[in-house]
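The following blocks contain the structures, represented as structure tokens.
Same chain, two partners: chain A is paired with chain B first, then with chain C.
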Partner chain A sequence: MSAGTVTTLPPNQPEHENLVEERLVAWFFVAALVYMAVSFLGGLLMALQLVRWNPLQGSEWLSPGRWRMIHTNAIAYGFLANAFLGALHWAVPRLTLRPVLSRALSYFIFVAWQVVVLSTAAGILMGQAQGIEWGETPVWIDPLALAGLLLVAINFMAPIIKAEGPLYVTLWYFMAAFVWTFLTYAMGNFLPEYFVPGTSGGAIAGLFIHDLVGLFVTPLGWGLMYYFVPILLQKPIWSHGLSLVGFWGLAFFYPLNGIHHFLYTPIPMFLQYGAVIATIAVELVVTTVIINFFGTIWGSGKAVVNNLPIRWFYTGMVLYFITCFQCALQVTLTFQALIHFTDWVVGHAHLVMFGVFTMWLMGIMTYLFPRLLRRPWYSYTLCEWHYWLSTAGIVSMFIDLTLAGVFQGYAWASLQPWDVSVELSEPFWIFRIFAGLTIIAGQLCFAWNLLMTWLGKTSDEPATSAATNAWGTA
Partner chain B sequence: MFESKSGVLLIGGLIFFVFAFLSNAVVPMLMYQELPEQPTAALVNENLMYQFQDLSLRYPDQFSEHFGEATQENCVEALDLGREIYIGEGCWHCHSQFVRPVSNEADRWGPVAATPEYQNELQRPVMFGTRRVGPDLSREGGRRGNDWHAVHFYEPTSVSWKSPMPNYPWLFDGSPDKPNKRGLALITYVQWLGSWLDSYPLYEDYVPLEEQMDNPLAQ
Partner chain C sequence: MMNSETNVTPTETVSASRRRSWITAALAVAILVPSLFGFGSKFLEFVALVRGDVDGAFAVTPVVNYLLASLGFLCLFAWAVLHGMFHDIERPKWTMLENEQRLDRHAPWPKLDALRKTR
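This part shows the complex of A and B:
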């Protein structure tokens, strides 16, 4: 079916109240923000450790090595998963005009998922981590997490399967993501742990790291962008054809990239070359998606100024493009020789996780909270601070870590004693602490603003903002 | 097909995923079929036993309490536990375990990593690592003495002035000369790394154990 097909809506459109369980959406968002705070504390602890400013040395429960794993896991399974689940509970019923399979199941999923995340944290703190990056979830939790993912898929697939007429892009991404996330989690957490040792196990771990970003986070993120951007701009997506290219390009090329995380390992060289080429192909696909979204906003550019959620979305997209452009360069073996294992990669990871997906989710939350709470934001100035501190923080952290990586790479290659590379990293690591604190300050603005809004407080901000903040009035 | 539910679910969701898995994971598995996974027991070698005995002589009380005799069997137990701690403490997020053929790494650490080195139980999941805040450890065995490791784990800055590596006092009973079971196991694991290589030890010559224990000051 082509984009031109006009579908008539069912005569009796269901009421929003019968579709969306708003309270649950808010709960998911709040849970996400709590885990984000935990993750930031872990990141901060490790950042302080690196420059030996860690005031909490010597306690087993506060070991920076363990908290470094809390840092990444709390973001992936605590923040991102919860925030996505919240947004899905809003978007899927409204797109399909059908509620999820069961609200009771939704609540059960909410509770079950928090159990999964909290026991992951407890297990890691007790030193039971599993030796797979992004899969440190202790082995005894893996089956539970997998069951949870299955329930999520069932709960959302029910309305999608029943939906009639052509499916909108967003739903392609969501459907595929439900299948992919389940498969990826099972592959990455079970095969290298129980069945496949060594080099081939490393290849699977590479697939897992990559698919988790590419087949869980990315499709949910883009699916939500395809949903929220046209709504906020009040016009359809620019090209249906390009969204087809984007989706199928991602589906085909993304899973083929995994081994690029382990270049120059004993994994057979021809597989490494394959992963490098597939990665460069993904960059081309990404470009089509970016063109599509900039085609969409063409002519409404002012929205970036006075529509804050749109600004979050498009900032994330610009950073996404930078990330992916960077991918295409750093994946080459020439670059890898220099920057692999350095802070360059850490900078890249932060740019993707915070600069792109967190930005998008923050835009969505900024847009949805006034609707969920049925009142405008307590302070639109604080909303702006949230945006600017987050953006300034992540961009400066990215530049800082990228530079650090280049210095480290050359220090190692020049065969200087190891300590030299540590010492020259120090100014970068100190700067990184402050960049991180800037990000944290931004989120504190958001948290305070949310709390005040929730409590129904009003600020004495001038009312002039009303026109520019039309997005914020439900 | 490209916009239908079955197309998205079957082709995009399933077939492409399986295709990537076959080409990127099953291919290397088939290639290394003739290199079966070695159990930990097969990994204990002379070099490692030397270090394990050294531990039993240096820390006789702790060692006999936790491991009894320095036998091959107990060494296997120590290796398995040591690997668990290496994973649980997140050492692998700061240390890699593979030497690349580029960036002069072979000059710094020794022979470039090869697949047979990784076909064993202690490399499931494989500890390639992801970031080098500290140096690669895949050729660490024999590079330092057990006492150096003990002091270093207790408080890295006491032997490496500006080390950002965290302290691990919970691997000890109060002082660096009293490693507990976990401490002894972790040291054993670190001494295992690279002990299988012909080039071992790359850094120093062996000093026979008796000679080492022969304290010149005591005479």
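This part shows the complex of A and C:
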């Protein structure tokens, strides 16, 4: 490892080492990648099950229904939550120029969150899941998870509240996410279970699953983009005012969206219509965010080629716009009549979770790991393979599942027997396995590259590829 | 302070700044007004249903959830306005970038150029 020029900081100016607990950032990222591997294994097993090639046949603990829940929970609470926590431990102290409330508390949160995630996995495998999508966390873990979320909020809010002057938009998003995630988790895991049964409980469950995306993942994701994109491009966001329009629009329009998951149900139609309108309003708000980011990169377009993290970020943004545009259409009753319960929805969900937020987090990790480990990537070629296999895999999976959904929808609409829709789906399901394997191959490239980098190995390839610029120059 | 290659400085031209402000305001109005109108009219329908139908109360739970969340943010918004969070609205983006550049100049990791030479 070579040392760069490090000069002395003026008095009263905090230094990076005093702000960021780098070891913890790396631990969170590694934990996230481990859970991602578990989640992908679960997804692969489910994909194999759909083509009737289940390698774990006969095991109740490892039955497909439970693996599916492991797949979704591991990506939400294992991968996304850990990766976000790692990125937050980097971004919040540097943005506020203050460390988190307590580093000891941060380490406690790290351990406690792994206990929560592992307990959730164990509970699901043992058949203790709750009947709420993404809220399957066994009831005895819910209070612990909620306490953990409260500690996270306290630990990060302390420096944010002390920050001087008008807040940067990232901190608005983060503050909202800390409050929303706590409320959303409480709403989805306690109200339908103990207080609001029946159809109202169903409406709450719809709010929960969508709010988990929109009020936990989305504000953290966009908050991090508003932080990392200007740093990597070395120019500020195009319009800070417009970014605040996007934030407040999300704050007021998003919370009612979730009922669009339950169109054509006994939930009163005005609520369903309200959710449709609120959703379309959010898509308009999203447009302002997209305009802002493309306004920012205007004049620096080469960065998409030359700077790998930027490429991850902007690919995720394009896919985000596609998924939001899709969302504005598919929440209409006409569209829902065709695609409800089909693989269209599965394709949409994968595009959001992997094509957007995982891509952003991969870009962040590509940028931060060399800094955390104090050495460049072992192989820039592997960084490129990671990006291209991931992108090719998710785009082909999305197209495949979207088409499958249309075929399934028309088969059902024309009152064909169920078997017909299954038979016509099989080519799409087989293709989906290969698309998934492509994504997994990309992540294996990343894992190998990370291991070699961590071990301090060097390769002979020239440092000329775009990944070199993961160090931050556009 | 900013990167000279990007040709963006805190002293950008007044006309560019004014144009950006106009575009931001136009987008804000074009998006928020119709959205608020649509949402508000649906909300009024909801109030009418709750008052007029014995089963209308059934729908209160999800809406109360929404109102509780939104009320908090309305308070936060009012607090932000009263504490000048939107005065000089573009300043935070410059401050953030300047802080980042200052932190990176004194960061413990080696610089890119130094790394390139070692490979």
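Criterion: the second predicted complex is superposed on the first by the 452 of 474 C-alpha atoms of A that agree within 3 Å, B and C clash if a C-alpha of one lies under 4 Å from a C-alpha of the other, contacts with A are read in each partner's own complex, and residues count from 1 in each chain.
Note that in this section a residue touches a chain if its C-beta (ideal position, glycine included) is under 8 Å from a C-beta of that chain, and two chains touch if they have at least 3 such contacts.
Being a predicted model, the structure only gives us computed values, none of them experimental.
Visitor: Judging by the criteria at the top, classify the pair chain B and chain C on chain A as clash or fit.
Guide: clash
Visitor: Once chain A of both complexes is superposed, is A:Thr381 in touch with chain B (first), chain C (second), both, or neither?
Guide: In the superposition, A:Thr381 contacts neither chain B nor chain C.
Visitor: Taking the superposition as given, does A:Glu60 touch the first partner, chain B, the second, chain C, both, or neither?
Guide: A:Glu60 contacts chain B only, not chain C.
Visitor: Check the residue A:Thr342 against both partner chains and state whether it touches chain B (first), chain C (second), both, or neither.
Guide: The answer is first: A:Thr342 touches chain B but not chain C.
Visitor: After superposition on the shared chain, which partner residues are touched by A:Ser102: those of chain B (first), chain C (second), both, or neither?
Guide: neither
Visitor: Counting only touches as set out at the top, which of chain B and chain C does A:Ser119 meet: first, second, both, neither?
Guide: neither
Visitor: Can A:Leu242 be said to touch chain B (first), chain C (second), both, or neither?
Guide: After superposition on chain A, A:Leu242 lies in contact with chain C alone.
Visitor: For A:Met69, using the defined touch cut-off, is the partner it touches chain B, chain C, both, or neither? Pick first, second, both or neither.
Guide: A:Met69 sits against chain B, while chain C stays out of touch.
Visitor: Which partner does A:Pro255 contact after superposing on A: first (chain B), second (chain C), both, neither?
Guide: both
Visitor: Would you check which partner chain A:Glu133 touches, where first means chain B only, second means chain C only, and both and neither mean what they say?
Guide: first
Visitor: Just one of 4-12, 22-30, 40-48 or 76-84 in chain C hits chain B in the overlay; which is it?
Guide: The segment of chain C occupying space taken by chain B is 76-84.
Visitor: Taking the contacts chain A makes with chain B in one complex and with chain C in the other, which residues are shared?
Guide: On chain A, the residues that contact chain B in one structure and chain C in the other are 1, 166-167, 176, 179-180, 183, 187, 191, 196, 199-200, 203-204, 207, 244, 248, 251-252, 255-256, 259, 267-268, 271, 274.
Visitor: Which of the residues in chain A come into contact with chain B in the complex?
Guide: Contacts found on chain A: 1, 49-52, 54, 57-58, 60, 63-66, 68-69, 127-133, 160-161, 166-167, 172, 175-176, 178-180, 183-184, 187, 191-194, 196-207, 211, 215, 244, 247-248, 251-252, 255-256, 258-259, 261-262, 264-268, 271, 274-275, 333, 336-338, 340-343, 345-346, 409, 412-415, 418-419, 422-423.
Visitor: What part of chain A is in contact with chain C in the complex they form?
Guide: 1-9, 13, 15-17, 19, 94-95, 97, 165-170, 176, 179-180, 183, 187, 191, 196, 199-200, 203-204, 207, 227, 230-231, 233-242, 244-245, 248-249, 251-253, 255-256, 259, 267-268, 270-271, 273-274, 277-278, 280-281, 284-285, 287-288, 291, 299-300, 370-371, 374-376, 458, 462-463, 468-469, 471-474
Visitor: What residues on chain B touch chain A, complex-wise?
Guide: Within the complex, chain B contacts chain A at residues 2-5, 8-9, 11-14, 16-17, 19-21, 23-25, 27-29, 31-32, 35, 37, 85, 87-94, 96, 98, 100-105, 107-108, 113-115, 117-121, 123-135, 157, 160-164, 166-170.
Visitor: Show me the residue ranges of chain C that touch chain A in the complex, using the header's touch definition.
Guide: Checking each residue of chain C against chain A gives 2-3, 5-8, 20-21, 23-24, 27-28, 31-32, 35, 38-39, 42-43, 45-46, 49, 56, 58-59, 61-63, 65-66, 68-70, 72-73, 77, 84-97, 99-119.
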